[in-house]
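Letters A, B, C, D, E and F mark the chains as written, and numbering starts fresh at 1 in each.
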Amino acid sequence: MFAVEVRDHIMIAHSLPGEVFGPAQGLHGATFVVDAAFFAEELDADGLVVDIGLATQALAAILQPLNYKNLDDLPEFAGKTTTTEFLCRHVFDGLAKAARGGALGQGGMRLAKLRVQLHESHTARAWYEAPL
Amino acid sequence: MFAVEVRDHIMIAHSLPGEVFGPAQGLHGATFVVDAAFFAEELDADGLVVDIGLATQALAAILQPLNYKNLDDLPEFAGKTTTTEFLCRHVFDGLAKAARGGALGQGGMRLAKLRVQLHESHTARAWYEAPL
Amino acid sequence: MFAVEVRDHIMIAHSLPGEVFGPAQGLHGATFVVDAAFFAEELDADGLVVDIGLATQALAAILQPLNYKNLDDLPEFAGKTTTTEFLCRHVFDGLAKAARGGALGQGGMRLAKLRVQLHESHTARAWYEAPL
Amino acid sequence: MFAVEVRDHIMIAHSLPGEVFGPAQGLHGATFVVDAAFFAEELDADGLVVDIGLATQALAAILQPLNYKNLDDLPEFAGKTTTTEFLCRHVFDGLAKAARGGALGQGGMRLAKLRVQLHESHTARAWYEAPL
Amino acid sequence: MFAVEVRDHIMIAHSLPGEVFGPAQGLHGATFVVDAAFFAEELDADGLVVDIGLATQALAAILQPLNYKNLDDLPEFAGKTTTTEFLCRHVFDGLAKAARGGALGQGGMRLAKLRVQLHESHTARAWYEAPL
Amino acid sequence: MFAVEVRDHIMIAHSLPGEVFGPAQGLHGATFVVDAAFFAEELDADGLVVDIGLATQALAAILQPLNYKNLDDLPEFAGKTTTTEFLCRHVFDGLAKAARGGALGQGGMRLAKLRVQLHESHTARAWYEAPL
């Protein structure tokens, strides 16, 4: 299996309701450094998993509506707890849709798997990985 | 598959008997930066793989008896060669026991897999990964 | 000149009023990975710049009131723009006070300089450095 | 599954023919930081996945003919597009041959899997991973 | 003294003529991860060293003519040896000119110092630092 | 001022006698990732601060007698407390001697300053920096 991975980041505010979150129940925030990995069984004729330019654009397009926002105010997250794990899945779903919808070009159609990883500090990160 | 990973570290002395270890046969030491990853197929109602606070405490509890120690002096490692790989498994076993024993809360019961990674320098690391 | 540096981090929300901040004018947030460096011309009798345990505690004590908070709500920052640079200075001032006040032990009295660095992402950081 | 990983690097020139590569069609270059991971189901009698010394030598031997070279001039890459993904596979094939040929010692014979990862910048990397 | 630093990167080919360069005399290449640091004695009314947006654009504008190029072909480098140190100075000179010419806004006029750092691998980097 | 920096590492055992060291009084160990920085006001005719090959060899030669050793057993450290700060100075002194003695070539004679940095974990490091 081949993979390519690109990195971007967002800076957001949010609160995490629920006793399990302790002091993170209050409004706080995070820088999430985001790694999106694209997997394919074989390379295309150009020796690529996917067009990195398109992949980078697709990731940026998914992150843009979150960046510099208070996630508690976004209608799409109403009633959701925007944990790091949850946000991994959110970005994954966006990339999966982009891949199937053609936004990653022909290479996007051949992808076997995606992994989205969010680093929240130098000591903690989360990821979601699944076949397409 | 979802995962969350937390980082801690230990500073230990040990020797590695056996010709294959060359100069590392003598008493020397290492800083091991330890990454413990917890995997689950689905998130819980709070949007979590596992309670990160409990996971961090469990990891610290496993590392504490090793930290600032000469591993050659620890009864539990008598007759063992404490390679980086071996120590990955040792920490894994401790976390698996913590998960099954309830020390990670309800989320610990649902874990599908663990991975324990030890970085021994900027150029070498090892890990052990297995289903629970 | 000798130096020792320790690392901690905070996760905060804030907004940055002023046209120059563009999209960061809205409420958003950041993980700040904080490096605090302590400088001394000579080592003490134990071969140390400063007691690292005390230095780590002093840094944690300064960061604790900010961690998991919305900085816009903190009275001490009323009317201030909590840029990364500003926060470097805030942490520096706290450490300088701790050093002069004896919270870093005898070693803290001998310090020549401090530097406080905040990493806000994998591509941007700020710092403040000054003699004591 | 156990794994150990070692790091090395190369500095090469190349061009990437094909419209998809945009400005990278011209002659340019890269530093590739290379991580080679060796996987085994069980540790050997010394508590190792593989002899790290031999693994490091095998990786260096594969990288040496590429280091400080213009890949466009190497006969073995004639007619090939030397993308990061392609080079991951090239190094993988070399390590697989070394493992099967005995250059990694007895441990090399027991390896279950290899992964070769090339970091091309602080924001992009690729890898190839397959069973042996 | 305050500082802010931003990161970008370039991927270039070049050769380094001169016996001292050994195998690097041939045409090869590098990824240079570039950190540009801007220093000021005091913050401006917005709590900033310099407008980070303008600083990032200025850095990108200086790097763009080098990125994806063979430096041996660039007229401006004719007769020069494009070592990492030399390129640090080249980027520094560009940023100094941008600062004095107003491209960094008012904040650029107040800058006390610049530092430009190029990381050529995980084990080597160079920098140039000077007052403005 | 120009600088170049190279990285190496050592894995050692030691104990730190003195109440201030708490649990580190016992025999334990560390991986020290070592960054040695060489500073010069001007570049030489080849565009270099110093011959990186010679600098790397000089650093390795200083580290070799410490690597895979118990520092408590080394005669040269008898009666010394081998703190991270102390070891920075030890490596600095070795490099200063190498520079003045000609082991770094002509470039070594022109050096204005050295800095030696030891990273002991992902959260702590120390350095020593002085003019030559």
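Observations
Keep in mind that, in the parts below, a residue touches a chain if its C-beta (ideal position, glycine included) is under 8 Å from a C-beta of that chain, and two chains touch if they have at least 3 such contacts.
Treat the numbers as computed from the prediction; the structure is a model and nothing was measured.
Common neighbours of subunit C and subunit D (chains touching each): A, E.
Graph distance from subunit B to subunit D, where chains that touch are one step apart, equals 1. Farthest chain from subunit E, judged by C-alpha centroids: B. Against reference pair B-D, the listed pairs A-B, A-C or D-E yield one interface repeat, A-B (criterion: more than half of contact pairs the same by residue number). When the CA atoms of subunit A are superposed on subunit E, the rotation angle comes to 180 degrees (nearest 5).
Residue numbering at the subunit A/subunit B interface overlaps only partly, since under half of the positions present are found in both copies. Annotation: 30 Å between the Cα-based centres of subunit B and subunit F. Rounded to a whole number, the gap between the C-alpha centres of subunit E and subunit F is 27 angstrom. Shown for subunit F are the residues that touch two or more other chains, namely 7, 122-123. Contact residues on subunit D toward subunit E in their complex (touch as defined above): 7, 9, 11-14, 23-24, 26-33, 67-70, 73, 120-123. Across the complex, subunit A meets subunit D through its residues 1-8, 43, 46-49, 51-53. Partner subunit D is touched in their complex by these residues of subunit B: 18, 20-22, 80-86, 88-89, 122-130.
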